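Just below sit the structures, each encoded as C-alpha cells.
Same chain, two partners: subunit A is paired with subunit B first, then with subunit C.
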Partner chain A sequence: MKRTLKRGAGLSAVVGLLCALCGCWDNRDIDHRSLPVVMGVALHDDLYEVVLQIPETSQKGIDIRIISQTGKTINQAVDKISERMETSVDLLHLKLILVETEYAREGLTDSISSFMRARDISPKTIIAICDEKLDPFFDYVASSMTPKGTTLYDCFEKNAGWNPQMSLTRIWEVYRSIHSYTRDVAIPIIKSGRSGTIDYLGSALIKNGKMVDRISPEETLLFNSFNGQSAQGKIEVMDHASVLILRSSVRHRSKFAHGTPHLDVRITLKVSIVETKGSVTSKLVKKEVEEILAKRFDGMLHKVQTQESDILGLGQYFRKDIPRAQLRNWRTEYLPKLKVDFKINTIIQNDGNTKLT
Partner chain B sequence: MDKSWQVTLIYFITHLGLIFFMYPGDIIASTEDGHWIPIVLGFAVHLGAIAVYMKGLVRLGNRDIVSMYLGMGKGVSLLFLLPITVYFLLICVVSVRCLSEIMTVVFLSSTPLWAIMFLFLFISSYIAFKGIRSIFRTGLLIGCINVPVILFFFSASFQNVDWRYVYPLIGKSSFLTNPSYLESFFVFAGGFLFLGFTQPYVAYRKRHIVFGALALLPFFVFSVYIPILTFGQATASTFNFPFVVALDTISITWIMFDRITLFLLLSLISFMMLYLSIVLWSAMRVVNQSFPSLKPAYILLAIPLFVFIVCLYIPDWKDITEFYWWGTYLRFYILVAVPLSTCFFAGRIRKRKVGL
Partner chain C sequence: MHTLIQEMKNKFSGDDDFFALEETFMDSRVVLAGFNTLLDIATTKLGLQAYIEAAVLTGTARDELKAELGEVCDRSDSAKARLSLLTGKLLICFEDDGSCVIMEPTPKPLNRAIEPPINENVFQGSLNSFTEDIHANIGIVRKQLLTDNLRVGSYHIGTEETTKISLLYYEGRTNMEFIHKLVGQIQKNRSRQIENLQQLSKKIMGFPSWVLISKFSQTELPQEAANFLRKGRAVLFIDRLPIALVVPSLLWDVFFLDSDRNLPLPLMLFLRALRLIGAWLTVVLPGLYVALVSVNPEVLRIEMAISIAQTRVGIPYPAIIEMILMLFILELIIEASIRLPKNIGPTITMVGGIILGQAVVQAKLVSNLLIIILAATTISNSTIVGLQHSLSLRISKYVIVIMAAIYGVLGILEGLLLICAYVASLNTYGIPYIGFSSKKDEIKHG
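The block that comes next holds the complex of A and B.
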C-alpha cells in the first residue's frame, strides 16, 4: 500500500512537471506581436524620434507599415508605439537600425550601449546611416519599394543585395569602437534614390561612436579588402578597361622604432579583364589598377590620420610593441605619425573569353 | 564495477557548466593583459589539488572521505565536515541564484525568479533523491546529447576572432590580490569534492580524472580568450557575462535559428542542474553519516528548502556577488585542506592496518 502511494506521488510529480515544459510566463502568441525589421532613430532637441517598419501580412501579400513616435528615450518611444497598436511591439527580430546623420555626428554612444545592454535587440543587428530626414525616407520606402518581409534589410544581406563597396557593420562592432583603443568602424550611408532604389553614398568614419568624416564607395571597397572581407565581384572602372577582382589577399608587416610606427602593406589582387576601350595591353591595365588603388588608399589614409579614426584597425598591428598604458593614446599620439608603405601587386589571372591584343 | 568513464564524464561536464558563466568575467576583471597567466596558475592549483586528492583516495580504498573523517574522532570531523557542509550550502545558494538571474537576463525576462529557482531545485533534488548511480546515468545521457552541441558552438565562437588582441602577452602580477581573481577559483574548488564521496558506490581509476582535467584546459583558456579576441580587453571588461555576449555576435546563416546562444546556455544549464544534484547529494551524505538517525529523504527535502528560502532573501545582483565573495576564504580552505588531509589521514589509516 505504502509503495503504491509512493509511486503515485512520484508519478504525479513527473506528470506535474509537464506543465513546466512550455517554459513561458506571460506568454504572447505570435499573432499578437509585431516584429519590426527596421528601426530608424533620430535625435532632435533631446527627443528621440523612433520609426519602425513592420511587415504585416494581408490577403494580397505583405504590407509595410511605418509608425513613428517620439520619446525621451528610445524605449519610451517604442513603448508609445506599442501602446497605440493592437499588438505588442517586440524588437527581437530587428535586423537593421537606421540612424540620421545629425545624430550620428553627435555620437551614438548612449543608444548603442543601451542596445547592447538590452537583450531584445541582437548585437548582430546591422547599422546604417540615413543621409536625409527619417520621415521622407521611410515614406519613400513604403511607397516605392516592393513590399516584402525584409525590405531594406536585403540591401545589406550578404547573400542578397550586398555589394563589396558597402561596409557592413553590426551593433557590437560600433560598441567595440566606443571602448577599444585601436579599432574603429565604418558605417554605410544611404539615401532614397529614384524608382524604388536606395542610393549608397559611401561610408561614415566613426571615432569612438561618433561620425567624423565620410569615405567614398570606392574607398570602402579598399577598406573591405584591407580588412579581409573579400572584395570579390567588384568591377573596377578605369580610363581604359574595367576588371573583375577575383581574389584579394593582404599581408602586413609592422615595425616600431623610436616611437614611430611603420607598416608595410602588400595587397595582392587577382583580376580578370571584363571590358576594354581601344587597344589595351595587360601591362597597362596592371599599371593603372595599381596606380588608382594606391591613390585611393593614400586618400583614405589621410582621412584616417587627420580624423584620428582607426577604421582600418592599424593599431592592432602594434599591440605587441606599445605597452597598454600608452596604447590608450594610440589614436591621438601614434596614428597621425604612422608611416604606411603601401604596395599593390596585380595578377591578371585571365582575359575572359577573348584574347587581349 | 569499473565506472571510470562515467565519473570522468561527470567531472568534465560539471566543470564545463561552471566555466562559461562567471569565470571569463572574473578573469577579465582581474587583469588587463596577459590573461593566460592567471588562467594557467589557477589551473595548476586545481591540478595539484586533484593529484593530491586522488592519491589520498587511492590509499583510502573503498571508503568515502566522510567515514574517514568520522573515524578520526570528533575534533577532526568538526574541523573538516562542518566547513564542507557550509561550503556545499553556499555553492547551492550561489549557483541557483546566479543561474536564475542569468536566465532572466538572457532569455526568460518575464518569468519570476522564484519559479526558475524552484524548478532548478526541484529537478536537482529529484535526481539527487534517486541516488548517485542515477545521477551518473543521467549525466551520461545529458553528456551524450549536449557535449556535441557545446563543442559545435564553442568552435563556431571563433568566427569573429582577431588574434592580434592577444597582445600584450606579459602582464603584471597584481592580479594575485585582486578580489575578482580570488573569486574565479569558484570553478576550481567547486566541482572536485564529489570524487571523494562516490567510492563505496562506484569504483573508478583515479588517473582518468587527471586526463579529464587536462581536457578542460582549452575550455578554461578560450572561455576567457574568445571575448578578448572578439572585443578586446577594454570592451570585454564592460560585460557581465563576456562569453555569452561574444557568442551573440556569431552569425551562421545556414542555421535556421537566429540566436545560437540559447542552445549553448540550455546545454550548460542542464550541466549545472546535474552539478547541483551532485552537490545536494554530497551534502546529504555528510549530514546523514554524521547523524545516522536522520532519514536521507528528509535531509534531501530540508536542504533544498533552506537553499530556496535563502535565495529568495537575496534581492539583487550586488548581493549575489557579495555572497560569492564571502565564500572565498572557505573555498581556499576546501581547496587546500581537504586534499591534503585526505592524503594524510588515508596514509595513517593504511599504516595502522599494516601495523595490525
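The block that comes next holds the complex of A and C.
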C-alpha cells in the first residue's frame, strides 16, 4: 500500500513537472502564424528593405498579403512586420528569397551568412534576383497571382513550373560559393511579366557573393546540363529544326601540365526531333545542334574566364593538382588560363512520330 | 432417514427447487435428490426405470446396478454430494445400506446452441464459436484437434462458490515448465474465489492488476484456439464464459489470425500488413495532427500548411483541446453503441454521425481536417484482432496526443518510445510479450 502511494506520488510529480516545465504554452497554432512564402530583400542607404509575401487564408480562398518594412538588419525589419500583424511571422516556410539587382551587385555575403545562421530559415530556400524595384514587383505579384498563394515559388518548383533553362540555386549553395575557392553559382534573374506570371531573364554570375555578369537562358540550359541537372524537355531552336533533349550525360577529363589546366568535356545528348522547316536530314540536325551548343559554351566560358567566376565548378577537377596554398588563387591565376576541349555528341534517338523526309 | 439426504435437506432448506423423492427400486427404498431446475425429473425417472427393468431381466445384482447407474460415493462425503447436486447431478441414496450413487440425469436444456461468433467476425474460416458450457467448449476443441496429445485438466476453484476451470495444452509442443507453473498456481490458490477475469488473473495466477494489456489473449473462435494450442500455448476455459483464454498472450496475436492462412500467401501478408499499419495509424494520427498544427507546422508542405490553416480559421480552441474533446465524444459513441440494445443502436450511430460529420464543423468548434483524422483513427483502430486489444490501443493514443501537444513531432517519438518500453516490459511467467512463439514444429509466418 505504502509502495503504491509512493509510486502514485512520484508519477503525479512527474506529470505535474511535465506540465509546469514544458513551455508548451508558447506553442502557436497554425492559424495564428503567418507563413511567408517569399521574402524580398533590398538595401538602400544602409537600410534593409524587407518585403514579405504572406498567403492569407480567408473564407473564400487564399489572398496574398504584401507587407514591407525597413530596418537596420533583416531581422529588425521582420520583427517590425511581426509587431504590426495580428499573427506572428514564422519564417519556417520561407521558400524563395528575392534580392534586388543593386543589392546583389553590392554583395550578398552578410545576408547569406545570417540566413544560414538563422534557425527558422531553411538552407534549402531558393534564391533569385529581381531585376526591378521590389515594390512594383510585389504590387504586380499581389494583383496577378491571387488565386493561389504560392505561385511565385511554384515557378521554381521542380515538379511544377521549373524549366531546364532556369538555374535553381539554394541559399546553402551561395554560402558554399562564398567560402569555396573553386566553385561559384548562378542565380536566376526574374522580372514581372506581361501576361500572368514572371519573365525569366537568365542567370547572374556570382563571384564571392557578388553579381558580376549575366548569362542568357540558353546558356543556363547548358550550365544545367554541364552540372548534371536534368536538361530534359528543352526545345532547342535552330534555323532548320527544333529538338527535344531527352537525356544528357557529361564526362570530364582533367589534365594539369606546366601550370596550365586542361579539361576535356564530352557531352552526349540524346534528342528527339520535334519540328522541322523544309527538308532536313538527321545529319544536318546533328551538325547544327553540335555547332550551336559549342558556340554557346565558348561564349559562356569566355564570360566565366573574364569575370573569374567559376559557376561551372571547373576548379573542382583540379583540386587534386593544385596545392591548397595556391588553390585560393584558382579564380585569378588558373581559371583564365584554362584550356577547355569541348565536344558534343548528339544522338537522334527518334524522329518523333513521323520519319524525316 | 438417510443421513446424507437429511444433511442436504438442511443445507438446501430454503430452496424450493430442491427435491427429495422417495422411490422403491428392486424392493429397496431409495431417495432421489436433486434440483428440478437443473434436471428433467420425468425423463430421468423413465431412464432409471429402463435400467432397473433391464437389471431385473438379466438378474444383475444390486451393487452392479449401482455401478451402472453412476459413481458410487461414500455417505460421509457431503461436500462432493453438494457439488454434484449444484452441478445438476441426481443423488440416489439407498436407505437400507446407506450407500449413494451420483448419477448423470437428463439435464434441462439451459445452454444455448453452438452459434456463429458475435464479437469476432470470421472471414473464410470456421464459423463455430465457444459457448457457455465448458464441456461443449472442450468438445469443440477436441473436434478441431484430432490428436491424442491434447491434454485437459479441470479444476474447481473456490470453496463457497465453485467455478470450474479447465486447462488445455498440446503435449509435446508446449513448454512443460510453463504448464507446471500454471497448474501449480491453480492448485495453490484453488480455495480462493473468483468471479471475473480480473480476479482470475490476480488471485489465482498472481499477475499484477495495473496492466494495460491483459495477460490472457481472448478468442471465441475454436479454430484460433486450436491453432494457439498447436503453437504450444495453453488455453483456459472458465465455465459460463464463452471465450477461450490463451496464455501467454503475445503481441503478434493482435495482428495475426489463423484463418488468414486460408488465403494465398501474398493476400495474407497484405492483410497482416494492413493491420500493422492500422494499429500504427491509430496511435500516431491524432498526435500527428496536434504536433503538425500547433508545434511543428514547418514539417508540412506549404500548400498543405495553408489549407490546414484555412480549415482552422475561426476555431476557438487550440488543437490539443479540440482533439481531446472530439476523441472523448468518439469514445462515448463507441461505448454507447456497445451498451445499447441492437434495436436502439442505430440511433446512436446516426446522431453521432450528425455530430461528427457536419454539425461540429459548421458550428466552428473543430476543423474539417480533425474530423478526417478522427474517422481514420477510428476505422484503423478496428482493423486489429480482438476487441480487448483495440481498447489498449485506444488508451495508448492519448499518451502520444499529450506528448505531441508538448513536444511536437519529437513528442510522438517519445510517446512511441514509452509505449514500446511498456510493451517490452510485459511478460507472463518470464515469457516476454513481444517474443515470437517459436516451437520446433511450428509453421512459419506467425
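Convention: the second predicted complex is superposed on the first by the 338 of 357 C-alpha atoms of A that agree within 3 Å, B and C clash if a C-alpha of one lies under 4 Å from a C-alpha of the other, contacts with A are read in each partner's own complex, and residues count from 1 in each chain.
Please note the rule applied: contacts are C-beta pairs under 8 Å (C-beta built on N, C-alpha and C of every residue); 3 or more make two chains touch, one makes a residue touch a chain.
All figures in this text were calculated on a predicted structure; none of them were measured in a lab.
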Touching partner for A:D31 - first (subunit B), second (subunit C), both, neither: second
Touched partner set for A:N353, first subunit B, second subunit C, both or neither: neither
First (subunit B), second (subunit C), both or neither touched by A:A13: first
Touching partner for A:S279 - first (subunit B), second (subunit C), both, neither: neither
Partner chain(s) touched by A:H93 [first = subunit B, second = subunit C, both, neither]: both
First (subunit B), second (subunit C), both or neither touched by A:T332: neither
Superposition-derived comparison: subunit B or subunit C, residues of subunit A touched: B
On subunit A, positions contacted by subunit B and by subunit C: 24, 93, 122
Residue numbers on subunit B that touch subunit A, as the complex places them: 32-33, 105-112, 115, 119, 122-123, 126, 162, 164-165, 167-169, 231-232, 234-235, 238, 245, 248-249, 251, 253, 258-259
Interface residues, subunit A side, partner subunit B - complex: 13, 17, 20, 23-26, 93, 116, 119-120, 122-124, 158-159, 170, 172, 175-176, 178-183, 313, 316-317, 319-320, 323-324
Contact footprint of subunit A on subunit C as seen in their complex: 292-295, 297-298, 302-303, 305-306, 308-310, 312-313, 315, 318-319, 405-408
Complex contacts: residues of subunit A adjacent to subunit C: 18, 22, 24, 27-31, 33, 35, 37, 55, 57-59, 62, 90, 92-93, 95, 122, 149-150, 153
